[in-house]
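Two complexes come next, and they have one chain in common, subunit A, joined by subunit B in the first and subunit C in the second.
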Partner chain A sequence: MKIRVERDGLADAVAWVARSLPSRPPVPVLGGVLLDAGAEGGSDALTVSGFDYEVSATVGVPATIADGGRTLVSGRLLADITKALPAQPVEIAVDGARASITCGNARFSLPTMPVEDYPQLPAQPELAGEVTGEAFAQAVSQVAVAAGKDDTLPMLTGMRLEITGSTLTLVATDRFRLAMREFSWQPAEGLGDAAVLAPARTLADAAKSLGAGGGTVRVGLASGDGLLGLAGSGRYTTTRLLDAEFPPYRQLLPSDHTSRAVLQVSALAEAIKRVSLVAERGTQVRLEFADGSLRLSAGGDDEGSAEEELPVDYQGEPVTIAFNPGYLVDGLGALHADRAELTFTTPNRPALIKPADDNGDVVPGYLYLLMPVRLPG
Partner chain B sequence: MRLVIARCQVNYAGRLTAHLPMATRLLLVKSDGSVSVHSDDRAYKPLNWMSPPCWLIEDGNLWIVENKAGEKLVITIDNVVDEIEHDLGAEPGLVKDGVEAHLQELLAEHITTLGDGYSLVRREYPTAIGPVDILARDSEGIAVAVEIKRRGEIDGVEQLTRYLELLNRDPLLAPVQGVFAAQQIKPQARTLAEDRGIRCVTLDYDALRGIEPDEFRLF
Partner chain C sequence: MGRNAALPDGYDRFRATGDTTPDDTGCGVLHVDMDAFFAAVELRTRPELADRPVVVAGAGPRSVVLSANYPARRYGVRSAMPVGAARRLCPQAVYLPPTRGLYSEVSRGVLAIFRELTPLVEPLSLDEAFLDVSGALRRLGTTPAGVGALIRRRVAAEHGITCSVGVASVKFVAKLASGMAKPDGMLVVPAARTLEFLHPLPVSALWGVGRKTEENLRRHGLDTIADVARTPLERLRRALGTALGEHLHALAHGRDERPVVPDSEEKSLGAERTFDVDQHDRAFLNRELLRLSERVAASLRAKGLRGRTVSIKVRFADFRTITRARTLFAATDVARDIHGTAVALLDEAAPTAAVRLIGVRVEGLSGEDEGEQLSFDAPAGSGGAPRWREAEVAADVARSKFGAAAVRPASLLSPDEG
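Presenting the complex of A and B:
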């Protein structure tokens, strides 16, 4: 193999692929990136791939190919090297068991690993639909915030993708909060309704990097093989689906409310962060709603205490309700709106947060359901 | 075990020197000859002590504890407030794996925690190199060996691997799948287990005990 490739394209490609590589590969080859020159019938592209049986990542880089071939080198090392190279064309050549990288006056020689031992990359699953990258990345990040991080209940570390005609619904919950986003997309023809559960963290990472490139993201689904594929901006990634039952979440969504408040998101989020400084280990921040004003307080008699008042557009009886400040700030941040609508009934029933427009009307498509915490006494 | 409450002053001469001024303290003289000096705060190690083998020589109000390295603990007693002596008998030892045993019991009771259709064969299933914590069968009747740990580390995976190798030699059981169950699994242990085809399960002790957390939850 002997190729010439632009430094920036190569560095971006290798950095992206290396990100999904395992930090502790059980087999050394899984810590490698596969460089494949001229794989697809003599095309002028270098394909960079990584795979650890869970997640695969593949990206093409334009290259001048003098001599095609495949080689496998340590992903982390190659990422560090390409990042540090000067802005000049990079030549990669493989001779025997070593790969040499030349860029300007810098030369590197890396040991290669046997390509034959590398697992077969999974094929891209069949197209399920398309959506703009930006919208997809935003939707996934809005929902991923509520996914569980604890492995005790694997189903809660996942994000559910529900395809119903031209509507794509994303949901995640960690038992304390639930985020749901519905938006329309362009489903592939002849696609039936489907629902799958994908690891939320992997999906969030993939959506963010594919969405950043602009353009559209193509979502592929192979439920039989348990694979979800995402493709966009010349990048392809697949992830293994979670084989777990997602809780029946629709019954959790409250159908009515007795109190409704409309708030400025940034002012409220900042006030919560300030007040919760005295809340030991982020235990709780209390929200006292009264006509026209919201009083935030945290802490108590035995420790420091803090309070702050904000104007609020409030309808309902005066209520005091307490939340985990971290979860509340997460929810407000995920709205991507200047104003928020908060609706609830009693201090021990879940509250619903939705984005609102300048008139205080709800912007449909997103909701964040948050369980309050027990008030002292 | 001899307990002496006394107003005393302590000097230690050895690898490093230390001095405790005159004050009331608790002196423990244990049957192995060791002497330790405690103050009235914290469930904590003594202020000063001499580990066995060592010898106590009482010379009036002067106690000298010396070990074979020549290190000395010199206790000058002003007055003895109280003194009792009691024979405690043999110590059965600290049982550290109480939670582990309880986890095994609980998981055996709730074997479907591992998956629907699981059934228990028995706890402490014997093998030539020691008993496996739990042997069960999955919904398809395939044997599953379960190793239970409080903290899942590499050595637990190695232990389970050895059991699996032996169990898989039994034509009546093979193939035997492995499950590594722990309250907390270290990333290294998880990587090793999964590489060997062993499934990792994180156990929620409180949930198995049926203790519902006090906090509000959506479901």
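Presenting the complex of A and C:
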């Protein structure tokens, strides 16, 4: 193999593929990136791929190919090298068990790994639908915030994707909060309704990098193989679906409320961050709602205390409800709106947060459901 | 626990005897350590054994030495050594089983003496504590060494055991001094002579230096505390990492900022079990983790505490010991949560291995007055999903009425029970 490729395109491609590689690969080849020059029908393109049986990533880079071929080198090392190269054409050549990389006056020689030990990358699953990359990335990030990070409960680390006609619904929950986003997309012809569970963190990373390029993102599903595929801006990824039952979440969504407040999101979020400076890790911020005013307070006699008052548009009996400040700020940040509607019934039942417009009316499509902290006594 | 080493040459000048006491001005910190505590307590009722080697240890094949008196230590018997090894070193020793509850009772009595003298008492275990006496000297009309001597007299008179005391200006020096004073002695390290006391000692005497760090220091040519003190801070940081480098640099210069923290609050609660034979069977280990989780959760609930961090301790057949911890999203006192986390930690840390000892611990404790993050599976006052906590609380009540075996998870029933 002998090729010449532009430095920027190569560095971007390798950096993107290497990101999805495991930091401690169980076997060395899984920490590699596969460079494939012109094997795809002799086109003048270099394909850069990575795969660890969970996630695959593939991207093409324009290249001048003198000799086609495939080689496998350490992904981390190649990413570090390409990032540091000067802005000049890069020559990659493989001779025996070593790959050489030449750029300007710099020259690297890397050991290669046996390509025949590398797993076959999964084919891109069949198209399920399309959506603009930006909208998809935003929706996924709005929901991923509520996904669990604790691997002991795999179904809670996932994001559920529900396809119902031209509506795509994304949901995630870590037992303490639940985020749900519904939006319309362009389903593929003849697609039936479906629901799958994908690892939320992987999905969020992929949606962000594919959405950043503008354009559309194509979502593919191969439920039989347990694969979700995302493609856009010349990049292709697949993710293994989680084989777990998502909790029956619709029964959690409250159908009524007795209290309703409309608040300025940034003012509230900043006040929570200030007040919770005195709350030791994990302790609550208290929200006392009364007609026209919201009093936030945190802490106690031992660790110091803080309070702050905000104007609020509030309907309901005066009530005090407490939340984990981090969870509350997460939800407010995920609204992507200037104003928020907060509705609830009692201090020990879930509160519902939704984006609102300038008139205080709810903007449909997103909700963040949050369990409160039960106050002592 | 004492180190039972002969005092190094020249260190006699720090010893407080009836006649002479080094200058103890500014030495507000005392470290008091009972001598061969369990053995000494047992010997109160078996005075005829006092001059013979005596070892307190359980009867199981995997038991370890809990305490050995000084005659036994002369044969090399040490605390935490397997009983089999102790028997090889000293077959003629008298082996006594531990007396349940007795040592904590004596320990409470000794702590009560300390607390009469100063409120600033920080117990480290049943048999040792730090005291800050600097604020109590005027009231007591004495000096720190005077308080040390008073404690030694009263513990001997009221409890029939001896203790050793280290008097110094900072904690880790006081602790070193009590170790070197053993048995039945007191060392006073004058504040102005702290460095003179420390510098000839080997690096292993520094608080926080275990075998690994000691090897590392020796590789860098640092054998004594003086060597560490002479090394530029920057070099220590590079050799040991920033935190440890700064820590040892401060200690080698006699600086230890830790105050004596009077603590009655518990920092963690745990339970562990040593098996009679090494265990490979994962299902068995998971059941043992459940049993231990049940015990820890029940004592958390009994004390009105919840914890955010669950840790496990695993000792393998080759004595290698690891601990692994995970912090939960919300504090818990529920055995099911603790067990789930413990099993996951064990799966990650040691998917297959022969295990000699296993333990479960809950840390990051907070009281019930701190608010509880509610979750969707157990919203207050709802039905639906199983509410484990309430089930476990009900079991607490049943156990308090009908005994510990009244209610257990089905997986903890042995096959012949039904």
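Keep in mind that, in the parts below, the second predicted complex is superposed on the first by the 376 of 377 C-alpha atoms of A that agree within 3 Å, B and C clash if a C-alpha of one lies under 4 Å from a C-alpha of the other, contacts with A are read in each partner's own complex, and residues count from 1 in each chain.
Definition applied: a residue touches a chain if its C-beta (ideal position, glycine included) is under 8 Å from a C-beta of that chain, and two chains touch if they have at least 3 such contacts.
Treat the numbers as computed from the prediction; the structure is a model and nothing was measured.
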item: Fit-or-clash call for subunit B and subunit C when the two complexes are aligned on subunit A; value: clash
item: Touched partner set for A:P376, first subunit B, second subunit C, both or neither; value: second
item: Which superposed partner A:T283 touches (first subunit B, second subunit C, both, neither); value: second
item: Contacts of A:N348 with subunit B and subunit C, given as first, second, both or neither; value: both
item: Touched partner set for A:P247, first subunit B, second subunit C, both or neither; value: both
item: Subunit B versus subunit C as contact partner of A:V27, first or second or both or neither; value: first
item: Partner chain in contact with A:A13 - subunit B first, subunit C second, else both or neither; value: neither
item: Touching partner for A:A222 - first (subunit B), second (subunit C), both, neither; value: neither
item: From 2-10, 254-262, 362-370 or 398-406, the subunit C stretch with C-alpha clashes against subunit B; value: 2-10
item: Subunit A positions touched by subunit B in one structure and by subunit C in the second; value: 150-152, 173, 175-176, 178, 247, 252, 348, 350, 371-374
item: Complex contacts: residues of subunit A adjacent to subunit C; value: 150-152, 173-176, 178, 247, 252, 282-284, 322, 324, 348-350, 371-377
item: Subunit A-facing residues of subunit B, complex; value: 185, 187-188, 191-192, 194-195, 202-204, 207, 214-219
item: Of subunit C, residues touching subunit A in the complex; value: 308, 326, 328-331, 340-341, 344, 368-377, 379-381
item: In the complex with subunit B, residue positions of subunit A that touch it; value: 22, 24, 26-27, 150-153, 173, 175-178, 247, 252, 348, 350, 369, 371-374
